[in-house]
Structures are given as C-alpha cells and as structure tokens.
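For reference, chains read A, B, C and D in written order, and residue numbers begin at 1 within each chain.
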Amino acid sequence: MSLLKAKSPRIREKRLDTLNAWLGDTAAAIAEFSGEDTVQRIRTFSQGAQDDLLYVLRLLAGIRNSVTIIHAPRGCAAAGLYHQVTSGRGHWIVSNLDQRDTIMGADRKLRKAVTAAHRQYRPEVIFIVASPVTAINNDDIQAVVEELHEELELPVVPVYVTGFASRNAVTGYDIALHSILKHSGGDRRVHQRSSKVNLLSVVEHPADRFEAERLLSSLGVDLNILPDGASSKTFRLATEARLSLSLDQDSENYLGVILRDEYRVPYIEQPRPVGVEATGRWLVAAGRALGIEDAASVLHEQESERVRRELGDFSLEGVRVYLALSPATAFAVADLVGEFGGEVAGITVSHLDKLHTARLEVLSRRSPALQLHVADGQPFEELNIVRRIAPDIYLGDAAHLGQVGRLGIPVVSLENTPVLGYNGVTGLARSLSLALRNRSFGAALAGIPTSYTGAWYRRSPNWHIKKEVR
Amino acid sequence: MSNHIDGSRNSCALHGALQLIEAIEGAVPVIHSNAGCGYQHFLGVNRLNAGGDAFGGPPVSSSNISEKHVVFGGSSRLREQLKNTIQVVEGDLYFIVSGCSTEMVGDDIPAMTKEGRDQNFPVIYANTPGFRGDVHHGYQLAVKALVEQLPDLLKAGRTRTAGQVNLWGVIPHQDPFWAGNLEEIGRLLEGIGLKPNLLLGYGQDVNGWHKVPDADLNIAVSIWGETPAKLLEERYGTPALTLEGLPVGAAAGRMLLAVSEKLGIDRERTESFVRSEENRLNRHLAALADTYYRAGFQLEFALVGESAQVVGLSEFLTSTLGLIPRTLVITDNPSEEAKATLQSLLAALVEGWGTELSFSEDHIEISGLIRSGGAGLVLGSALEEQVAVELGLPFLQVSFPLSGRVVINRGYAGYKGASSLLEDLGSVILSHALRADISSQDKHSRSGTVFYT
Amino acid sequence: MSNHIDGSRNSCALHGALQLIEAIEGAVPVIHSNAGCGYQHFLGVNRLNAGGDAFGGPPVSSSNISEKHVVFGGSSRLREQLKNTIQVVEGDLYFIVSGCSTEMVGDDIPAMTKEGRDQNFPVIYANTPGFRGDVHHGYQLAVKALVEQLPDLLKAGRTRTAGQVNLWGVIPHQDPFWAGNLEEIGRLLEGIGLKPNLLLGYGQDVNGWHKVPDADLNIAVSIWGETPAKLLEERYGTPALTLEGLPVGAAAGRMLLAVSEKLGIDRERTESFVRSEENRLNRHLAALADTYYRAGFQLEFALVGESAQVVGLSEFLTSTLGLIPRTLVITDNPSEEAKATLQSLLAALVEGWGTELSFSEDHIEISGLIRSGGAGLVLGSALEEQVAVELGLPFLQVSFPLSGRVVINRGYAGYKGASSLLEDLGSVILSHALRADISSQDKHSRSGTVFYT
Amino acid sequence: MSLLKAKSPRIREKRLDTLNAWLGDTAAAIAEFSGEDTVQRIRTFSQGAQDDLLYVLRLLAGIRNSVTIIHAPRGCAAAGLYHQVTSGRGHWIVSNLDQRDTIMGADRKLRKAVTAAHRQYRPEVIFIVASPVTAINNDDIQAVVEELHEELELPVVPVYVTGFASRNAVTGYDIALHSILKHSGGDRRVHQRSSKVNLLSVVEHPADRFEAERLLSSLGVDLNILPDGASSKTFRLATEARLSLSLDQDSENYLGVILRDEYRVPYIEQPRPVGVEATGRWLVAAGRALGIEDAASVLHEQESERVRRELGDFSLEGVRVYLALSPATAFAVADLVGEFGGEVAGITVSHLDKLHTARLEVLSRRSPALQLHVADGQPFEELNIVRRIAPDIYLGDAAHLGQVGRLGIPVVSLENTPVLGYNGVTGLARSLSLALRNRSFGAALAGIPTSYTGAWYRRSPNWHIKKEVR
C-alpha cells in the first residue's frame, strides 16, 4: 500500500513521463504528454551532466547534524568536497572502493566508515549513499544498515541511487526524500495536527528561503521548513503539520505527495513565487488555505507597491531574453520577463514532464511560436540554438555559462542568485540591468572560440536527439 | 587495503586523466561513463581552482550510459559517441577515458579506439576507472597512453629541436599553481639556453606531445613524473632528472646547475644566470626584512600538500626564510618506496627541528595533526582553513582544493614564485599580526569598562 | 588656500623626493632637517608598503638640526654632514633634500652643494620643505633637480642606445605596485623592440639617469610625469607621450601602438605582439568566466586612488571586466587644469553609468562618498577598509597606504598586471560570495532555533 | 610653584642630564653623571631618528575618545597615518600648513580644523600638537585653544613640541603628559584617596599591559591604567589614587613625579618587571606598599614555578647577546639574559641619564668591561660595533633592524614583542630559541651589502661623537 515500502521511488521517466531530450514548440510539447505513453528520447552525442547521485548529495548537504557516507570509489565524493569547501555544508566520507572491493564486496569497509563517522561527529543521522559501482555490484548495504542501526542506536539511512537508472537527475531528489521519510518519518497512525505549516524548500538559495520565511512569518504563520536546513525532528514534525506549502514543484512534488498521501497533510502546489504577480498568487493561496487571505492580500499590496517604487523606470521593453533553467523556475521567470515588458526568445529546461502541462498551455496561448528545448548540461545544443536566436541576454543556472559567454552575449547566472518573492524581483532587475548596461566582459570572451565545429553549427540543434527504440 | 576518507581531496583516476587532457590545447576528452562523472570532476576539481576552467564548463563529450548499457554493454554507445564527438567538437586529438561502470560492465575500449583509428580519427584511450586509484594514478595512466599511442598517430616526420627538455609530474589543478609553476620553470630553463617543452597549459598543444621523444632530458618535478620519465628512458633512452620537490628559490638554482651538468652546458653561463636570479631574490628578502622582524615572521609552521609542494615549500621556508617546520603532512599517497625516499629527504631537511612528518589524505586526521602539532602558522588546502581559524592562526591556501581564491598564472616555483610566496605568505602573517594588535586594543577597551569607569 | 586633512595620505614634498631617491640604486639622500623628518617618512610611507624597504630602515643620512641651528643657521652643520656622509655611506650620488625648518631658517643649500661639487663630490640638491606641497610635488622637484644638475656631474661621454624610452610619473610607494608596474611596462616595450629606461627600482642606477637625455621618447605614465617630459622636451627636444592612465590590459596594447606610431616602428610587428598578449589575457578571462558568472562579479564599484590608477583600473574594470563605476575618488591633488582633463577623460569612459567622480584626499570625506554612493565593491587604500567593512562589501587594497599586504614586485599594469588584478580582485569577490553563502547558512541555523524546535 | 605652570616641561637634557650620544664602559658612564654638569655630546654625522614630536604622537595614539590635530605641514602627520593604518589607533588631522601659512600664520585654519574635528567625532578631548614650523614661527596656538575651549565646551589641549629643542625623543612623553595633566588634571586641593592604584603604562605592548593587569588583578588590586587606553576620566581618577606603580621609569617618570609632587600620590619606581626575578621584586614591592606582600610572594612562587616548567631545558649558555633598546628595557633584558645563562656582549641604549645610575652600578660590578653605546637611530655606529663584537644574536626595538640583519646574525625584534612579567619570559625564550635554531634568513640577507663604506668600518665607532662646545 504505502509508497514508502519500496527501496526507492519510481524514476521520474516512469512516474511523470519525464523527458530529458526534446526540441519543439509548446503545442508539440503539450501533445507529448497528452497520450498514454510518452516516447522517451535519447542523444547520439551527449555531454556530461548532473545525475541523480549529484542531486542526492546536494539535498543531503542541507540536512543538519548529518554525515553522508558515499559508498563508492573515491571520485564520487568530489561533489561532496565542493559543498564542503564552497559553502561549509555537510560532512562527507567516501568508502573509497578499490578494484578488489568491486569484486569481493566491501561490507567491512562500509561498517568501519559508519562507525568512524559516528565516533567523530556524533550525528543525528548517517546517510549511506549508493553509487554506480555498488548498484552494478549489488552490494549488500541493507545488512550493514540494520546491524549498525541497532549497534549505534542511530538512524542509518541507505539512499539507493544508481547514477544510471534514470536520465533525469531530479530523480535524485525523490530518492533522497523517499529514503529520509522511509527511515525517519513519523508515526503514520492518526495524528493530532499541529499549528505548524510545512514550507517545502529543496536546495533553494538561502536568501530565497529567508524571503519566503519573511513573508509567511509576517503573517504569523508558524513554519516548519524542510528539507533545507532540517534536522530529524523537522521531518517528524512535518508529518503532523496542518499544511504543506510548495516553493518549487519540480523538486518537492514527491515530498508533498508523500506527506499528503501517507500522513494526510494537505499540499498546496502553487507555481513558484517569482515575479510580483506570481508571488501575490502564491501568498494569497497560502492565506486562503490558512484562513488569513485578507492579511495576505494586504501584504501583497504593500510589497508590490514597494517593488514598483524600487524598480523605478526599469524595463525590458524590446529586450529578447533566453532562459535556460529548471522547468518550474524557467516558466516562472518567463512570466517575470513578461512583467518587466521583455520578450522570451527561447527556453531550455533541464527536463519536462506531466507536472508542466498547465504551464505549457498558458505559454502556448501567449507565445505559440516559442521554442522549447529540453536538455540538462548539453551546451552544444544550447549554443547552436542561442546563436540562431541571438537573444539580447541569457539567463541560466547551469555549469556551462562559461561556454555561453563565448557567444559574446550578456549572461546572468541564477545559480547563486535569489529570485523568489518581492526581493527576488528587485534583485533580478538589478542584475539584468547591470548585465545589459555593460556587455564588455562578453565582448572579451567573444574572442575565444567555442569548442564546436562549424559543421555542428550548421546542423539542426536537435540532430542528435532520437526517439528511443525499445 | 584502502580506507574510507573524510573530505577526500585526491579525486579519482578518471578525474586525474581529465585534468591532464584538459590542459593540452586541442585535446578532447571523451568520457565513457555515467553522466555524472564529468560533472563531479567539474564541481570537485575545476571549481575548486577558480580561474582555471579551460573549457567553460564540464567536459564536452560524455557517453552518459544508462541502465540499458549497464545490462547489455555500452561499446556501441561509445562507438556512436566517438564518431559524433569528432563531428561536433573541434579537436586535434580525441582521448577516450573510461569510468567505473563501463569498466565493470567490460566494454571493449581498445577495440572501439582501433575502429576509430581505422577511420583515420586521431584517437587514443586510457582505462581510468575511479576504483583503480586516485588523481595521481589517473595522471600517470593518461601520460602513459599519450607516450605509447601518440607515435602511431604521427603522420609527418618530426624536426628535432636541440636542447629540448620535457617537464613531468605537474598535475593540473592538483597543484593549483601548476600553470604558473610550469611557466617559471620554463623561463629558468630558457635562461640557460634550453628549450623547455612544458606540455601543459597556455599554448601547449598536441604537437608538443609529438615532440616528447626528441628531448635531451626529461625532468620529473614530482614523484608523479618519475614513471613517465622512466618510460621514456626505456623507449627512447632519454636521460632523466628527478627533482627533490618543487624548486622554490635557491632550489631552482640547484636544478639549473644539475641540468647543466647533465647536459654538459657551459657551467659559467648557468652560474652567472643563477647568481643574477639569486641576487634579485636576496634583494627582495632584504626589502622585506623590516616587516619580517617586526611582524614576527619566524614562526613554526604546519604545511599540508602534495609531496612536491611539501618538500619544495618547506625547503624554502626553512632554508631561506628561517621558519621552522613543525607539522608536515603529505597528502598525495606516495608509494611505500617513495614514502621512504621522502622520509629520508625530509629528515635531512628538517633535522633538529623536531618536525612531525605524516602521510594522510583524511581531513579529520590532518586537522588533528595540526591541532596537536602546535604550529603558529598553517599552509594547506581550503580543508585546513577551519582548524586554522579554530586555532586563531594565520593561514595560507597553497594546495588543492582552494576556496575563495582565484589563480590565473600565479606560481610558487622558481625565483619569481619565491617572490610571489613572500607576498602571499607575508601578507597573511603581517595582516594577522596587525589584526592581533588591533583586536588587543579592542580587548583593552572592553576590559577598560571594568577598570576605568 | 589649502585645507586641513583627516587621515592624510599624500605625505609631503620632502617625502616624495625621498621616495624617488631611495628607488635609484647608488643614490644617497642627505636630509637637512630635524631628526624626525626621515623617520616620519619611514613610518608613514615605507612601512605602509611592506616589502619595499630598500635601505633596511629610515634614511641613512640626516643632519638632525637642533635649537642652535634654528637660531644661528644650519649651513655649517650641512657642510659637515655632507662631507661625512660621503665618507660613511657608500654611494654614486649624494642628494641633499631640505625640510621645513632649514628652509624657514634660510640655510643656503645651493652654496653647500657647490662647495661639495668643488671638492669633486657627486652632489646635487633640491629644496623640498613639506610646506611647499605634497609627495607628488616632491617627486617633481627631485626629478627636476636630477635632470638639471646631473649633466654637470658626468665626466665620461655617453654612448647612445637606439630605441631608448624613459618612463616618468610612477612614484615609488605612492603607487604601491610601482616596481611591478614599471617592470611590466618595460617588458611590453621590449616586446616591440625598444629599450626601456625604467630609472627606478631593481638594477636601475645613476647611470640610467645619465642616459635620460639620449632617449627617443619620454612616456608620462601619470600626470606627474608630464612636467619631467616637458622639461626634457625643452632641453633636448625629445618627443613626449602622455598616457591617459596606468595602462591595464587592452590600454597597454593601445600604448604600444601609439609608441610605435610616434617612433615609426613597424606596425605589423607591434600588432602581432599585442595580439599575442591580448589573446593570452582573453584566454585567462574565459577560464575565469564560470567563476565570474556564478560569484556575481558584475558589481558596481567604488575606486579610490591616484589619478593614473583610477583611470587605468576603472578603464579595465569597466571596458574589459564589465563592472560598473559608481564612485571614483581621485586623491593625488591634480592641478585645476589636470582636473579638467581627467574629468572629460573619465566622463567619456564612464558615460551612461551615472558615475560620481570626486577629488579628495580627506579620509572622512572619502568614506562618506563611498557610503552614499551605494557601490557593491570597494577598491582603495587601507584607509577605505573601515567603511567597506562597515558596509559589508568586498574590498581590495590597491592604493597607498597599504596595511597587512606585502608587495614585492606584483603589479597591475600591462597584460600580466591585468591577470594579477583578476587574481586579486577575483579572490576578494569570490571569497566574499562564499562567506556570504556560509554565513547565510549560519543565519538559517540560528533562525532555525525559532522555527524548528 | 607648580611644575604644571610652565607651557611645557624642561627638556630631558636639562632635567636629567640625558645623553643621546656616547660610547664607553659602565664605569665611565657612572662617572659622567657623578659631577654637577654632564657634558653633552653631538654627532658630526647623524642619521634620521625619532624626535619628541613622534613620541608625542605615539602617546596620544593611546588616549581614548580623542582627536589629534597636528598643526604643521602635511608630512608631520605621516606617523599618525602609520598608527591609524597599522593599529587602528587615533584620529589624525593635519592642519596642512603651506608656504603662505609659514609667513602669515594660520589661526583660521587651525580653528577650522578643531571645529571640524569636534563636529565629526564628538571627542572627549582635542589635542593640538605643535611642530617645528609653528615653533619657529611662534604661532599663537594658545589663543585658538582658549577661544574654542569656551565655544565647544570641550578640553582643547595644546601640546608644545618643537622637534628640535631636545635631542632626546623621550622628552616628547614628558611634553604630552605635562600637557594632558595641565589641562585635564583633577583638583589639586585636599583629596579623598580612592582605593584605586595607578598603573603607569606608556606605549607598552597591549599584551604587556594585560600581563601586568593579570598579575595585579589576581591580587585584588583595583587598577587605574594610564596613559595607555586612558580617557579623560582616567586622568581625573589618577589624582585621587592611593598609589602609582611604574612599568617603565624612562617613559613614565615625569607622570609619576607629577602625581606625587602635585597630587601627593605615592610613586613606586621599581625596575621593569622583565625576567622572573625582576618581576618578583616588582610584584612584592607593589604588595608591600599595598599591604599584601604575602599574597604577592605566593603568586610569584606559583608563577615562577610555572615558568621554570615551561622553559624546560631552554638556556642561553654560551650565547653572546647584543641588546639595542631603550635603557630601562635594555637593563632589564640584560638581567633576563643573565637568568637564561647567556652573556651580554654589548648594549646600545637610546639615551642615558641620571635615572640609570643605580642600574649602571649593578652592571659595572657584574660586567666591568661591558661596552655601553648611547644612540637612537644611528645604525652606522651600531653596525660598526656589532661587526666588531660579532655576537650570536641581536635583540633590538629600532626601525633599522633590516640593516642589522645584513650582518648575517639572528635578529629578534622587541618592537612588537611582549616582554613583561612571567609570560614575557616564556614568550621571549621562544623567540630567542627560534632565532638561534634557524639562522637562514640572516644568511640570505648577508648577501646584501650594508650601506656603509669599508673606510667607516675601519674607523672607531665613536669617531663622529664629539663633546658639544658651548
């Protein structure tokens, strides 16, 4: 009966027909998801990209008082090093599987690592993250988990990720959330509802989280934020909450659904509060569910007035913008570009699935000709597209903006830029304004050739996207 | 048996190979593995060396194998990926490197390479699964592949350059100052009339690699250059010279003299060049003396880094700058044989200081060594910053990984590098001394509220 | 009328003269003033440029006049001091500089110089009382003295070097990066086949100054080089070229092209050299791009420094690095005429940014300008650090005075300097961004105690 | 009657027969001060040195809530910039006299500067420091002081320093202390004595101040520390204190004497607490005066036991040490070198006067052959002497250690090194030990020639020291 019974959740391709390679207009995109069975696409040429393991690690980096043991050869911990060094988040141990371990198994090594982690950090929880090697080898992580869970009197949570089962990295969020809830979730029997409201926040920029907190707290809402910055207790409290509010359906959908279906916490899945209007709708929807709709409306009025004042005469009138973001963010920022008076010239989303059909319909009505590209970490396609479209500015959050910059156009990174709420509007306006005003850095980069051949730029951008033969 | 590692800084063999390939202009790595392998490399290596991202993003070609390939094999996917890489990505050399999953599945990478070669594609390969070892191992595997497979790709004859010297053992990004270090060692070799073949970095292309067999000498700048040098000695009879460590300051002069002797170069010319470099450095030291004395530069230090860095930097800090080595931690996993050599080398260098020399790559263990060592200054990677802050000590990032430090072509090797080190380390010590002074003023005015009111 | 100054950074004429003389190898300043004048210079100039103390302490000769000399005149004391200086202090040129008290008393310094000259001592002099002006004025007075008096000291004939170019207007220590800047400009001029005569710094001795009249061109790197260049044009008819500011990055290329045109050098050769330099810098920029975008380098900046620095750095930051000038403060007291030139020059550069350009040398006034300007990044002297910290902004020390920063031969001029600036400024912005990220984690876990328990 | 009536104190030469140029053995030094009138010496070649203006500025840098206006051409504020930038101490304004001002006077400029300082900082006190130019010009500072003192309702304190009247910079401390006490001192009539004890600390290293505080506070002594870190109130409280304790007679003597003679605060002038024995004597002397001699003795026992333990087998046995320090410190460190088992090979003191006869006698008995050199900032003489003596190590606090280093010997700077009390002993032992163990920096500097001719090194070091003809 329970979704949490399974070792890990269904991959996104199966659960939501998620695509990670596609090119076409919005109407065609809607058509893709209207049938029973969406045809998956594959690439005959591809470039390195995020995978579910990386998303698992990103999410776990935000869990407080935890240690993560990556049960893998040493290189799989590189992303952990990145989180540790750049943002001081997480404690990362790699079990360091060598050639012999890939043949003989490495239970003993894993056991040693868990014991050492416990002794060193006295964490609230230890995660054991699987990897391609353990997945292929079928390592018996479960036995170690059960044994040490008893011995250390500590939740030891296995996270069964493979790195290859899904082509969509976002599956990793589902896997991590599934594992946490499965092992440290609260009691599933009848609950007393608490006064708390879950704010679902998955690897949001801290400033974005603060903005959501700021708005809701000023309405007197008693928040329980997870999984970002959550401890074990936060997850237990989540199951008793009166409501779950979403910030980004792409990443949190699975968490909201589990809390709703397993623990009967109502779940409001509202588009991301990006832009004045969407933030207002998000706030009012929350207010409605909590019986404070009027207060929410008043707050929206005040804040939007402030934003209008701060924006002054800022406008994107006549500016053609390319967006390359995760889908929920891309669609939300597209609306904001509209609010600013600009034109969205094209969109790359990291994946696309059934969760997006409503947004696609809106987009299709507004800009029927708009081209939608689905790709995660495939700059060869993006550069081909962007060169053709020649937008005035590019907004993205991928790791390959350094390649995009060589096209000579202004680039704004949303990787570390807050975008949510009213403060997100003014902040983004400031970044866009600076990027459009001074384009000299792009001009300097334009002297450096991109990595691709002239022949490739003459080909259609979707040349290497094929229907998967099953 | 290998152990688990907390805060692993030595990445894996695949990443080591990528680091080498990305530093050769015109070489294109083709990763045959999961989608995430290249991305991990980008996050966990390139981004922790801000300013040194040659491609503007993660590696440009990766077969991104999926479940199907794990089950049925991925060789055909590699065939397709290789062919299309050559069509899409500009390059002079395509270098297939494999990851753990494709190696476990047993894909036949040599066969796929041969197929490409048969179509006249300039392709080579190396089997570099992460489970085979760390970044240093990967560097060696990739160098070996280049040395062994490149000659088959060469069409035209080579023109020999007299006095050519190849440099080995500097691993891009694993030494954050690799580019500047190579440039400076090159400048010094040019100073005595030689033609350095740096092989990696700006302007260093596949052509330079084709010229490898023509060298008069192979210099190993670290223990990781010994294998390539040995391989070339075997194949081409080229003599080899292994440096004790990164040549910083006076050690660079000794390197030039050793090279001169090995190659029968006019000793006087070399000595005169070394004297002029030496004299400039000594003048810089003299111009720093007032600061040195008043800010109390003569500290006991902890140094954490790769063997070549630990030897080279500690030699300069100790034998020229007058500091005292307290805790040395070598993080690059030398072989047992290399460990023994390093141990006796460093024992001679640090004799009488009561220095503790350790080999570790574990963040927690290393922090513990620094904590118990009692040094008054820490040089290490970003991972050591935490313990330095905890102990209230001046701290300089010198080894991988870096955080918050952009490096373009700054280096610490040679004479110029010694000056750069004086600037960076001097700034760290001086600003710490000034901060200590200012904060004790604060402390005074705080305690003042007790005594003066 | 001059005004009082809070946190004065422009020292005085005597100090400016000393800064010049101390940067010429073999030149010995002989101070005729109170004991404290030279010591003030050591504390307030040399020590605020750690790493650049050529003499190992305060100036080596000072007449230290006492009450008796104030009352009865100090000329005989100077006579004695000069004679004994020549016996005690090794030197090729003895340069008498006067302070306020001996000038007010009316000591006859030219006469004492002539007496020395009559005994065949290599002596020159400049009247440099602090009340006559600031450090820039002192630099000009000393250069003028050298240009006018040195020819009388020259015994042997000179051998002309074709393609010699003299460099003017770089004031040692007042530009903390003077040595590195001169070396890089020299390297670039050599790159197009010229013979730069740097005149100041390592290896630059009195001989170089004797060769000043032989140059094919005088380049003024700052407004303070215009007077010497003009003087030499009058005396020797040497053509002059005034740069708009410190040539950083592309501006250095434009300098080389202008020099080539002025001297009729092969344009293609110059262009090819510039292209190779330009290309290397652009590659560095590309390798920094990922960091640039994700750490949000495109900030509005406040820049406080000397006119040449403000023009040169803001030009590079704006026209190459894409930053936006918000507040520019020029601190070196340009003449009204120079102010007008700078104003129109910078107006063109910063057109459309709403930049506020000010001229001030007052610490409090400058801090106020930064506070009200709203920039997101501050470049300035150690005096601006306080306001940058107060506003929570990333901050880089680029102008005099420095604190806690050791400079040996790092520079920000030319193409190498541009790379160095990318490293230094990049590190400041990146580490600030990372700290902000980490501290917001902290903030979160602090606020967490409210929401999660 | 009162010493404070005068505009400024008598210069050190007059008050204490202070010498600033001299060379000879200790017996000869004693003889110099035994007669009625000490013959002053002058130099026929000299090098830049500190003057009274610099000492005034150093002392004022430590006065809290004060602003200092240097009434001078701009260069006289360079030392202020140094204090501000390197240690964040003081607010420094220079009146910036130009050529015209040297002829016409600059009252108006000074008035403007004082008013601006008041407006900007709202300080407790504003100092106006004279300079060579105002001294020669005889500027009327007094009028401005009186006028603005009234107008701003704020102590405006003139400090009449000349830069040339005395050859001894230490006169500057007397001038600054005289000026402060004259203008902000307490009521001179009969006082209630408070329980406070003045700790006289003039530009001591903060750690040294803390060490003295630590020791006295642990004995329950209620301290009033001045002038370092003192506010106006501190100076008022000082006049009511029950006792003044000295840390350095050279710099504080004038302050102790004024407080004793004008305000009847008893003054204990004990040698500097440097080294275990001297610190013990200093502590016990303080204890005796305060009726807590036993507790002081016990503390001394405990602390000296700790020092012995921490020193372990550290020893200067067989090590010949050269000292170049201010006299009270030099004599105290000489004793400490003896405690360590080392030999003092020679001493340069920045000045020498009647305050030192007792110490000279001790020294003369112990090391009759010891050569004493009196010089402030005359490295040409020091290098000549040190080259002849060839000591194993040089300890100094001057700004020319960079020159000394070129002799190739180990150099330890005491400019920023704490030396007082028990912690000073262990700290100094550590510095000495490091310097003696690794001499490579000196070896590198030895390659760089000093500034002096071979002819000079062949001459007697006192060649340029002559008796002053009056």
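By our rule, contacts are C-beta pairs under 8 Å (C-beta built on N, C-alpha and C of every residue); 3 or more make two chains touch, one makes a residue touch a chain.
Given the structure is predicted, the values throughout are model-derived calculations rather than measurements.
J.: Looking at the contacts, which chains touch chain C and chain D alike?
T.: Touching chain C as well as chain D, we find B.
J.: Where the centres are mean C-alpha positions, what is the separation of chain A from chain C, in Å?
T.: Computed value for the inter-centroid distance: 50 Å.
J.: How many angstrom between the C-alpha centroids of chain D and chain A?
T.: Chain centres of chain A and chain D, defined by C-alpha means, are spaced 65 Å apart.
J.: How far is the middle of chain B from the middle of chain C, if each middle is the mean of its Cα atoms, in Å?
T.: 36
J.: What parts of chain A, by residue number, touch at least two of the other chains?
T.: 86, 399, 401-402, 405-406
J.: Which residue numbers or ranges of chain C touch two or more of the other chains?
T.: 47, 53, 56-57, 283, 286, 289-290, 295, 403, 434
J.: How would one label the connectivity among the chains shown: line, ring, star, complete, or other?
T.: The chain contacts form none of line, ring, star or complete graph.
J.: Inside the complex, what are the residues of chain D that reach chain B?
T.: Those in contact with chain B are residues 64, 86-89, 206-207, 209-210, 213, 222-225, 228-231, 233-234, 237, 399, 401-402, 405-406, 411-413, 415-417, 431, 434-435, 437-442, 444-445, 447-448.
J.: So in the complex, which bits of chain B are touching chain A?
T.: The touching residues are 1-15, 28, 31, 34-45, 47-48, 53, 55-67, 69-70, 80-81, 84-85, 87-90, 99-101, 104-105, 129-134, 364, 382-383, 401-403.
J.: Residue numbers of chain A touching chain B in their complex, please.
T.: Where chain A meets chain B, its residues are 42-51, 53-54, 69, 72-82, 84-86, 91-102, 109, 112-113, 116-117, 120, 132-133, 136-137, 162-165, 167, 169, 377, 379-380, 398-406, 449-453, 455-456, 464.
J.: Tell me, which parts of chain B touch chain C in their complex?
T.: Answer in residue numbers: 46-47, 50-54, 56-57, 202-203, 280, 283-284, 286-291, 295, 403-410, 419-420, 422-423, 426-427, 430-432, 434-435.
J.: Taking the complex as given, what residues does chain C use to touch chain A?
T.: It comes out as residues 278-279, 282-283, 285-286, 289-290, 292-300, 318-324, 352-353, 433-434, 437-438, 440-441, 443-445, 447-448, 451-453.
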